[in-house]
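Presented sequentially are two complexes of subunit A, the first with subunit B as partner and the second with subunit C.
After this line comes the complex of A and B, so read on.
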């Protein structure tokens, strides 16, 4: 529980689906148990209410005040270089690789399959050395 | 006003338009790799050579790589991929729809002929084998990357989690 991420003012969230999917936004206020007011002026999310079911909380929290103006939210967002940190984070990298996978062409998928087979063969070889023979 | 009708029905003269050959879809161009969707060669990746006058696509395996000969394929039974290979070195201008016409046999439909033992299947003509070889030579030699050769040899396969409508080819 020490690592739990809370919904709080300034929590950076990633939008999973809906018209703003794929973008980062900042929780600026909480409307009710199911919705938050989010804003992402630098990431293209207009200030709007967003159901919690659509977003995932990231590890980043900004020192933003409740209902802070969009301009100041943008300033804070840029100062803390959230996009850079997100791209370097585990979750950010996973999102990027998922997008890459979805955009692979047939030939690229084939090359991936060949590389995967090679890798698993090497792993199996090493495993055989470690595992005791029956 | 009520429409005027002639006393006797007059046949409407319909202008018969010649059928246009099928438009080449999906941005397909010569040298593109296509995936065959039906028939004996389902799933095989083949090289597209040209569109014939009938609208069918002329493809070849190449034969040495995946066993697909010079073949006519309707566009609807192919999926174009974004990979292209160089086919400029091969000459397939002589291959037309007439090349694929069946040889006509002069058999009379007589009773004896009906009960006669069936004739053996004619072997594949040497001329066609030669044409296949010459067309393929220009293609296979230009494929420098062994991965591309392997790609043409491997069949396309759908696996768990692969949905055709989300796949990019």
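After this line comes the complex of A and C, so read on.
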């Protein structure tokens, strides 16, 4: 069981609701128990207040100081290659696939169903080898 | 200057309204009174200005003119500040003074939050609240309320213990879901 992730200055967060949803941002300061001041100059999030209900904390923390200027936040973000790390991370991949799933057309959903069926058939074959019929 | 989601932005603006009595033979250069008013637009600002001027200076709208209405735009909304707001409001049984503190990136945001807070905690409607003074508290020792003081911390760090699971937008919401939501914060 992983430890809880902390809201702290420098924590990279993923916006999960609203017009900025899908973007990464950095927590630059905490306004109060329900809102943070976030900034994502390289990802298209202008410095603004954001409720914690709209962001999900990622595993990444940047060495950003409180109220650091946007330009320096951008530098830090690029230096640590957060976007690359996020895309390679488990959570990042899950988010990307969820977005892909939501944008599937009907034909693509059909193709997905066919592929799923093929996969489960292969899995069942292998399972039969390991566990023979009673 | 719209930044970010409009539903999260504050609607209140701060205006400097200056007005005076109409000049007359006995008083060719009447005193100009100036007020800082928080309102959503100029018209409301002017109206509120007259409300106060009538009570404090004995000038009615019919006897006076507004000399200028200018919006006071906050210089720097890039960092969070702590604001102390002194107010006087009417309760059901009388009038009370209060001092309240709010954290926000701008004074207008803090004042807007004050109105919401007063409505929620004390059922005080905006019309009954007079803002006596507002100060930006730059020194942590001046912050009186422990609630706001705990966030005035450069090394702030706390976990989000309960996460509400929500679809990114209404169209992606599903009525039936196979499993229960996971509310732990990882």
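As a working rule, the second predicted complex is superposed on the first by the 129 of 134 C-alpha atoms of A that agree within 3 Å, B and C clash if a C-alpha of one lies under 4 Å from a C-alpha of the other, contacts with A are read in each partner's own complex, and residues count from 1 in each chain.
Heads up, the rule we're going with is that contacts are C-beta pairs under 8 Å (C-beta built on N, C-alpha and C of every residue); 3 or more make two chains touch, one makes a residue touch a chain.
It should be emphasised that the depicted structure is a prediction, and the values quoted were computed from it without experimental measurement.
With both complexes brought onto subunit A, simultaneous placement of subunit B and subunit C is permitted, the two fitting side by side without a clash.
In the superposition on chain A, A:110 contacts subunit B only, with no contact to subunit C.
More residues of subunit A are touched by C (comparison of subunit B with subunit C). Put simply, if you stand at the Cα centre of subunit A and look at the Cα centres of subunit B and subunit C, the angle between them is 100 degrees to the nearest 10.
In the superposition on chain A, A:100 makes contact with neither subunit B nor subunit C. Contact with subunit C, but none with subunit B, is seen for A:7 once the two complexes are overlaid on the shared chain.
In the superposed pair of complexes, A:16 makes contact with subunit C only, with no contact to subunit B. Taking all C-alpha atoms of subunit B against all those of subunit C in the superposed arrangement, the shortest distance found is 6 Å.
The intersection of subunit A residues touching subunit B with those touching subunit C, taken from the two complexes, comprises 102.
Every residue of subunit C that touches subunit A in the complex is listed here, in rising order: 3-5, 7-8, 78-80, 103-105, 109, 148, 151, 154-161, 163-164, 166, 168-169, 172, 184-186. Within the complex, the subunit A residues that touch subunit B are 102-107, 110-111, 114.
Those residues of subunit B that touch subunit A in the shared complex are 33, 35, 45, 81-83, 147-148, 150-151, 154, 156, 166-169. The part of subunit A that touches subunit C in the complex is made up of residues 2, 4-9, 16-22, 29-33, 37, 45-53, 56-57, 59, 66-67, 70, 102.
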